[in-house]
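In the part that follows, the structures are each spelled out as structure tokens.
In what follows, subunit A forms one complex with subunit B and a second complex with subunit C.
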Partner chain A sequence: MPWISACEADEIDAEDVMRFDHDGHTYALYRSPDDKYYATDGLCTHEQVHLCDGLVMDNIIECPKHNGRFDYTTGAPKGAPVCVALKTYNVKVEAGMVMIEIV
Partner chain B sequence: MTMSDIQNHTRDYSLVGESTRRAVETGLASAQWYHSEVPRKVMKELMQRRDGPAIRDTIIWLGLLVASGAGGVYFWGSWTCVPFFFVYGVLYGSACDSRWHECGHGTAFRTRWMNDVVYQIASFMVFRNPVSWRWSHARHHTDTVIVGRDPEIAFMRPPNLFEGILHYIGLLDVVASFKVMARNAFGILTPSEKSYIPESEWPKAIFAARIHMAIYLAAAIASLLMWSILPLMLIGLPRFYGCWHMFLTGLLQHGGLAEDVIDHRLNSRTVYMNPISRWIYWNMNYHVEHHMFPMVPYHALPRLHELIKGDLPEPNPSMWHAYVEMVKVLLRQRRDPEYYLRRTLPATARPYREEFHADDAVPAASSIA
Partner chain C sequence: MTQPHGMVIIGGGIAASRAANALRDEGWNGSITMVSDEPHVPYDRPPLSKTFVTDAPSPAPYLADIAALAAIGVDFISSNAATRIDPQASTVRLRDGQSLTYEKLLIATGAQPRRLTLPGSESARVHYLRTIEDSLAIAEQLKPGAHMIVIGGGFIGLEIACSARKLGARVTVIEGLPRILSRGVPQEIAEVVASRHRQEGVALHCNAKITHLVESDDAIGVTLADGQTITGDLVVAGIGAQPATDLASKAGLAIENGIRVDSYLQTSDPDIFAAGDCVSFPLAAYENTRVRLESWRNAQDQGVVAAANMLGKQQAYEAIPWFWSDQYDLSLQIVGLRGAQDRSIRRDLGDDAFILFHLDPAGRLTGASGIGVGNAVARDIRLTEMLIAKGVMPQDDVLADGKASLKALLRQPG
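And then the complex of A and B:
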């Protein structure tokens, strides 16, 4: 599966999220408080709102529109109104760049 | 405008009718809404959750509830109980709404279980199914005052002002809520409810309704056994005699403003209020700000307001001012349902977003400043 270079690692603040668009698809890239990187689909499964405007708290991303919550490390829904899990993607950091495995 | 004209303009506010189909087809449903520009770093800081303010407010709220309720019981049978029940009623029948609302958003506390506990208590007090209303309110934020989509439109055009007045003593609201709760408790959800509640949540909504009805039944039985209305004065009836403040503040949120627009500056109202009302209402007087940025907790809304007020219509300086403004519009809407208040933006603001309502926009001469 292709690994795509998404951004420089320090472009994302700790405990924050950033949008990444590639080939007509939008992704959300996360940097956790313990400095690990994760990626999910970029739109909330509830109402297709961009998660990059949401709030990251520990391992939770909260949707900016309806406050639905996901565990961005697994994609699991953690609070209404979301019920459907987010798709997650493998991420690695190489030479200071965040790489996402597009599947 | 004649009565037949008014009837021709009567909109279908159901969630499964012609207006619903139109809203979906025209792109009004689940649209991208306008929001003022706030730098990401600033917004991140505003969105931060804290337990402290809501713990403080909840201790005060529940402490005053217990104290005023105890005073009401102690002085029951004399006129001295009236001021105690006045306070108890507002704390129960009005403050419950703002606690239900903020905890439903999950923004009151940082700690999730605290939001959930207060949400369940407040849902019971406000007589709302904690499951179905969570979804109802999510829809209200997705499609704010979009006819055929928003289940929480208070004034449907042409407005019935008599019904509006009855809201202040809870007559229509509680009776309607009781019917819904009873129906849910019997395992029945309407097509409208099914349109915004995911199927996986239906059993939870029915279970919650049964719990609520069981508690109300227990209070009613206690009243019968004691042959006294006192148990119901503490559980249930405050939603009638104490809800006036909820509607005093809540009806201002969208009353008399635009329908079917995708800019909250056109359909929501920010009103400056006294500190007691703001505490009871948990700062929802900053209602444009809340709808634009529902992630911002109630305690940070005044700061958000200061940041973006240059992009918003001038807030109403008082509740009185807002009521005068709103009632004038509602009176006119009785004979001209297309009329609404379109407020002037300051010179510093970006223009209203017009895409979906340009064809229906009223001429400038028909709006009031």
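And then the complex of A and C:
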């Protein structure tokens, strides 16, 4: 599966999220408080809202629309109204770039 | 005779639905019976003035289907109202004559639209908006060129106005007070909403007193005190809602602008709990000021907390009020409880999005109101909610600076 270079590692603040669009698809990239990087689909599974406007606290992304919650490290739903998991993607950092494995 | 029947929930809205799920999540494995007087499984109301109208025909916003309810063992009875609660016998009588015995009861009967009492308001051309049927009946008439007259410049009236414009209908909004959204929304934000509606072609009449309505063969007229009559195809009245408390008051439960519950959402009867739009409850973060909210998240969260307490978990409901509204590409979010003496500090977030923070005379953050395209204000509003819960007294310049991190403020010790 292809690895795509998404952004520079320091473009995302610690404990924050950034939107990344590629080939007509939206992803959300996360940098955890302990400086690990993660990626999920960019739209909430409840009503297709962009998660990049949401709030990251520890390993949770909270949707900006109705405060549904996901663990962005696993994609698991963690609070109503969301009940469907987010798809997650493999991420690595190479030469200062965040790379995401598109499947 | 009847034996204990476990948990009974009256109502089929979001509060009832979340409560049923939460009872299972909290480990209850006895019976759960949910009774709704609507002919539907529980559904979400917020889309009824928004996408359910503009995207019609679209699937109804059901929260679960019958199979999903059955899968968690909820015995769901629809189209059948609870007509009497007997707290001594712990029974609920239904319209069809059957009687349910409860161990614990949850009342989640919600609210009903306030009705117009003006002469002429019984006309079939006058609509209210609370249910799927209401929304469908309005949507059916919103053809290009049709004229909808909205009475009341509150959230529901303005949202349906926006949906009608999207569908090409003409819209007039009549508000009795000097401005729209006077309940709970600061003037600065209401002005943004008002000018956007005008830009989109909505005729807004504030300070307008209606004397009566007149129906003719093919139209309805709304006559104002100045003598002018506005004629349209339909009227939608959005003039507030009243808590559905009849059942509770007939059962002798305490009522105070809604069914009175304590911070555990327990009514004056220890076996009966209540949640959602039908209750008034003490707000812990605001010196236990008693409020009744009409807010989706409040109904959802109260359903969950009530369920826990029905199982004896003693969980206090300590949320901060929160509400959103969508109009055109704008989203408005309001958090907290603004006091009459509060002053406001403005934070600009770019692209015309801004937030007004509200601070009480002692400097404590009490609330925030924000508006912007999409979800531009969402993150800061959510952080404000946490700052309020923490009782923070922020510096004015930090609040005013759109680049200053509220998260950092939240993480500051002390």
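Going forward, the second predicted complex is superposed on the first by the 103 of 103 C-alpha atoms of A that agree within 3 Å, B and C clash if a C-alpha of one lies under 4 Å from a C-alpha of the other, contacts with A are read in each partner's own complex, and residues count from 1 in each chain.
One rule holds for everything that comes next: a residue touches a chain if its C-beta (ideal position, glycine included) is under 8 Å from a C-beta of that chain, and two chains touch if they have at least 3 such contacts.
The structure presented is a predicted model; accordingly, all values stated were derived computationally and were not measured.
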Subunit C versus subunit B on the shared subunit A, clash or fit after superposition: clash
Larger contact residue set on subunit A - subunit B or subunit C: B
Partner chain in contact with A:Arg69 - subunit B first, subunit C second, else both or neither: first
Contacts of A:Pro77 with subunit B and subunit C, given as first, second, both or neither: neither
Which of subunit B and subunit C A:Gly42 touches, first, second, both or neither: neither
Partner chain(s) touched by A:Leu55 [first = subunit B, second = subunit C, both, neither]: both
Set intersection of subunit A contacts, subunit C complex versus subunit B complex: 53-55, 62, 64-67, 80-81
Subunit B-facing residues of subunit A, complex: 16, 46-48, 53-55, 57, 62, 64-69, 79-81, 83
Subunit A residues within the subunit C interface of the complex: 15, 49-50, 53-55, 62, 64-67, 80-81
Of all residues in subunit B, those that touch subunit A in their complex: 30, 43-44, 47-49, 105-107, 110, 112, 134-135, 138, 141-142, 198, 200-201, 293-295
Complex contact set, residues of subunit C against subunit A: 18, 21, 296-297, 300, 304, 322, 324, 374-376, 378-379, 382-383, 407
